[in-house]
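Notes follow once the structure below has been shown.
Labels run A, B, C and D following the written order; every chain starts at residue 1.
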Amino acid sequence: MSNAIIPLLLDSLASAALIFFAAVGLTLVFSVLRVLNVAHGSLYSIGGYVAASVCLFIASRQLNPYLSFVALLFSAVFVAAILGPLIERSLVRWTYGKSEAVQILITFGLFLILEDLQRLVFGVQSLYEDSPMRLLGTSSIGGVVYLNYQILLVAMAVLVVVGLRLLINHTRLGRLITAVVTDREMAQSIGIDTNRIFILAFSLGVFLAALGGALATPTSGIAPGLGADTMVLAFAVAAIGGLGQIEGAAVASLIVGFARVLAIYLVPSLDAVAPYVAMLAVLLIRPYGLFGSVTARRI
Amino acid sequence: MSRPILEAKNLRVAFNGVKAADGASIAIHDGEFLAIIGPNGSGKTTLLNICTGYIRPISGSVLLDGNDITRMSPRAIARRGVARAFQIPQLFSAQRVIDNMMLALAAKDGLWSAIRPLETAERRDEAKALLELVGLDGDTDRISSTLPEGHRKLLDIAVALALKPRLLLLDEPTSGVSALERFPLMEALMSALRQRRITALFVEHDMDVVARYASRVLVWNAGNIMAEGRPDEVFGNAQVRERVVGVA
Amino acid sequence: MRIILAAAAVVMLAALAFAAPWLQFVLTLAIAKGFAALGVAVLLRAGLISIGHAMFFAASAYGAAFLARAGINDLGLLLILSVLVSALIGAIAGSFLVRYRAIFFAMLNLAVSMVFYALCAKLYGVTGGTDGLPVPIPAVFGIVFAEPVFKSILFYLSLMLMVLVGLVVHRYLDSPLGHALSAVHSNEIRLEYLGIPVWAVLLIAYTISAALAGLGGAIAGLAIGRVVPDFAFWTASGHLVLIAVLGGIGGVPGAFIGALFLELLHSAAVTVTDAWNLFVGITLIVVIMFMPQGIYGLFERKEAQSS
Amino acid sequence: MAFNGISIVFARCLSLLQLLFRLDRGLPPANRRLVVDGLAGALAIGLVATTPVAAQDKPSSVGLGVFTFTSGPAAAYGMPGKNAADLMIDEINAKGGIGGVPVTATYVDEAQGAQGVIAEYRRLAGDAKNQVMVAALSSATCLALAPIAEQLEVPTVGWNCDTHQLLIDGKSKYVFRPNGNTVPEFIAYAIYLLDRKPDVKTVAIINPDYAFGHDAAKIFTAALKALKPDIEIVAELYPKLGSPNYQTEISRLTTARPDVVFSNLWGADLENFVRQATPRGLFTSSQVILALGETVLQRVPLPDGVIVGVLGDGWWMSPDAKANPETVKFAEAYKSRFGEYPVFPSIKMANTLIYVKAAYEAAMQKNGGKWPTRAELADAMKGSKVATLTGIVQTRADNDGLVDQIVGVTLKTSAQPFPVIGDMVRYKGDSLLPQAGQDPLAWISTLKPEFAKGLPKPGSYKIGER
């Protein structure tokens, strides 16, 4: 088993990177809007569908295959630019300040709508387009051949963590977001256009979800049902890290990735159980997650 | 003097470095109407929170009938006969006024029946009687969130009374109640307390109310007791006049 | 008036199944889901949203499958025992879950149910994995009936249980415990200060709601003849909440009305398009935004106006 | 008349309601036709429920409920089956249908989960027109439907349904499988592997996590251990059916360094696995067996030397198939209509429809030309021997089918742009199956290494032999 330690760690990283994008988007939206978006997984799969469709188009027209890398990124931007403001303005905004039950149900309704829209737009057969993965080739690490694309995914995940941190700590938009997160009324009273911040933050969350879906397509197939599976996994990660915690989502992705990979290496029959056991264990001890905090009620 | 019902000893508690109690001790005896006055933010509500188990002091202890209740939950303390009315009324706002009352009555004796209805003729009569006492008998079937603030306050007190407590803690019972209704309310309340042999501790800002109804007054300032005694004694204290009464 | 309406509805259901026997299966499932949605609605009264109640639905159906395998072959016994199984699981899970509120309660229910789902799906040797387990046809008072007869018995039994259990739950919600449950939603601090143990009030409610979901699950398992892990998937839990909210959580009939309403909606949607989820989603959003009392609320309001 | 009209409308309304209640992930039925077909059926049920199905007049059409995956990852396997059904039914109807009655099919999507499938089955069975069900693809669906088929007494023919658990109790009256089952299918791979690579020591398995995957692993392992006791299973992975990503599993398989990787993944899962495993060198570091590999030959580039087969004899390019003009015609028609050649699920479906048609004809011959009842159809299927597009299917007393098993390795040829199967062997159907009623795993464990000696060898199945 000792020869498996390096692959085990690398696989955990790769597995963590795959789920991180969806989870960090979910957590970001929650931290700014205080809304748990149950339809987040669908945005992930829509990102995947759009990216795969565009890449398949590129392949079918025999265009420069490197264009497909651009297409992956562009698909996520495209999805975010259209669906982000649309969903925020039409549905999510209505739920601000309402109870969690209402927020969960409204976004669950959205989830049902988006799942069917995907079927109508992209069909029900599974899609697969792996040209970006093949272009990058492979590397042999610790006796196991890995796709360079997997390494790229890990790098992208790190980039997103760093990028989000820089955005929040060192830009004007970031400071505005922080102000809104800290005290919404106060932010409003000093003249911050909170509606604009909400649209931007929600769209950023959509972008991250769609990016996750788009980046996953070259190494995984897309089929109906992906959104539901992704949702609950992203949710597990976000909850473990603490809803609203960006670094928490990163660490939690690693935990979930590691738990799942460890299960596949040691007790393969428990691979699908591992992420949820991790979630349950963390939540029972710290219901607000590893990095989250809870504010006491005042009379 | 009789044995104290409730005794708080050497309380220390602080929020974010601000001391709400700094080694103070108080006691309330059977049959007393103890008023606590003091400037805003001096920790009067915190004192009630400690006495009812809502928060725990850094050090010190709270005794009920000589038994330590410092680490007990508000629920356990309530079940030992201590009821509380709040500065901001704590009601079941989606429920009717009468249901608020009947649930309080049921909490005292009949909560664990899952099959028999909450509303019984007996409970309804008892609830009505208490509502009449505070002057809410015209509002029994209103949803409590639709009551005006002053009436919500009255309902909150009636709910506390429904628990048939031995000791009632009232947090500014007359705030939010219109000046016209203030004294009739206090009269009704005092007669109910006397009739039901309820000891009461109340935090109050209205010095006229304090002067008229308190059997003893305690001046709370910056986590310490500044003065203590009969109303006329305390209001005679120059320091109190300047620092507390003037402010209030 | 309300009683007459309810009685008429029950008679209509019975007649409907008699006129179109194949509809029996659908109606049986509708009632089964109605029970589970009622369980969810009980908790919603306390402001607690559980995205995990399909777990109890599934647990009871699995319970029936295991009990049948263990040789228990009587409909009544199977129903009672499998409901007890889910109530027991509900009591155990509830004893730590009811400490949490709002989003944390929702998350933990989801987490527990997903662990359950994953275990059912992955423990192939025990649960049959994603293939699930068969729930064979049990005897009724010692008599083994042919399949169609048994399904009719099951349907009319479910209908009867709907009325009986509905009445019991109605009484429960009107009892001090039931009022205390709604009070959790409006003011927990006051409840504490009334000396009411919120924890116990919620645990009882949680156990009742698990038992209700379990009753639904057992009926569904027997009607379908098979239990699969998908019974417990999170979207199934979401659908239960959806039914409860569509129907209106204000009264016991809401859950069953919600189920019926979904049927009608589907019949309308399916003639136009395959995408009935789209319609369900839109309807859910519209109901929440514009009819916060659910469909049952419409009846209630009408009655208030006419009286 | 007016009453009739009203009841039709009423029945239509009702029939629409019934798809609603399902606790699965809410996949809607993929086919609207299914609903429309249900309308007429719904009314009929009301009538049929009171009148027992007796010897009947010829109906206006022969209805078939056809269950397959038309959405989701499994549709990559299910759609070729549906395509073949469409084509075969057209061919049957072009020749006058069955006994002069045209055939129509109602397709049910198995992706909606057990609950929805069962509801559909009940609805279709309620319509007297649908005398036979062609159900189903997935072993899970078949296991769920079998008891209902027996209860409702509807002849139900598994067109794919490999799991040996389906008919193991030998009591089945109405459930038939004119196919091989998992026992001969996976023993065949063990024998072929040991013939080709006698010095195999370590084997890793990656199968889908349900009856089909677990059964196959058990049978393949048991057969290997019986025939070569020193073989070691170094890893057994069961990813969930429909998993999109196998990267971790591939790493795990690689680190185990097995001589052989065996898999019966199928549908889009198999495509995904192959696409992800190929660049990561799994096919070069281990001998890979893809039990359902033939289905992806035309879609993903498989390297040479992968052991693949067709779980039966249904390869459109086998020597027997090439020798049958019907088969050649079918394959070409399929290619021109659907853009690729039939894969073995297509052939399985086509063969199943031939089997059903044969049952109708045999039943009518037996009862003197009257239209057969369901019971008569089931009777006709029992013990039947039917010539299919690719061989002969014989139905045993336990309703299980005997078909030959073809196994080979991938091979690039100049004739086709995709790899074909070379170095083939064709095992006789009855040579790899225990007697009816015998516990298959117990039987496998009694096998001795000598067992394989009497069987044909790789490369023995060539054009002009047999």
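One rule holds in what follows: a residue touches a chain if its C-beta (ideal position, glycine included) is under 8 Å from a C-beta of that chain, and two chains touch if they have at least 3 such contacts.
Computed from a predicted structure; not experimentally measured.
The chains that touch both chain A and chain B are C.
Distance from chain D peaks, on a Cα-centroid basis, for B. Rounded to whole angstrom, the centroid-to-centroid distance between chain A and chain C, based on C-alpha atoms, equals 32 Å.
If you average the CA atoms of chain A and of chain D, the two centres end up 38 Å from each other. Rounded to whole angstrom units, the spacing between the C-alpha centres of chain B and chain C is 43.
For chain A, the set of residues that touch two or more other chains comprises 112, 115-116, 119, 228, 269, 271-272, 299. Across the assembly, chain C contributes 121-122, 124, 189, 233, 235, 274-277, 280 as residues in contact with two or more other chains.
Multi-chain contact residues of chain D (touching two or more other chains) are listed as 25-26, 28, 30, 238, 240. Across the interface of their complex, chain B is touched by residues 168, 171-172, 174-180, 182-183, 185-187, 189-190, 192-198, 204 of chain C. Those residues of chain A that touch chain D in the shared complex are 3-4, 7, 10-11, 14-15, 18, 112, 115-116, 119, 124-126, 128, 130, 133-134, 137-138, 143-147, 150, 216, 219-226, 228, 260-261, 264-265, 268-269, 271-272.
Of all the residues in chain D, the ones that touch chain A in their complex are 25-28, 30, 70-73, 75-76, 79, 111, 235-240, 242, 244-245, 247-249, 251-252, 254-255, 268-269, 271-272, 275-276, 279-281. Chain contact summary for the complex, chain C toward chain D: residues 16, 19-23, 25-26, 29-30, 33, 54, 57, 121-122, 124, 128-132, 134, 136-137, 146-148, 220, 224-226, 228, 230-231, 233, 235-236, 239, 259, 262-264, 266-268, 270-271, 274-277, 280.
On the chain D side of its complex with chain C, the touching residues are 10-11, 13-14, 16-21, 23-26, 28-32, 35, 42, 45-46, 49, 113-115, 118-119, 122-123, 126, 139-140, 143-144, 147-148, 151-152, 209-211, 214, 238, 240-241.
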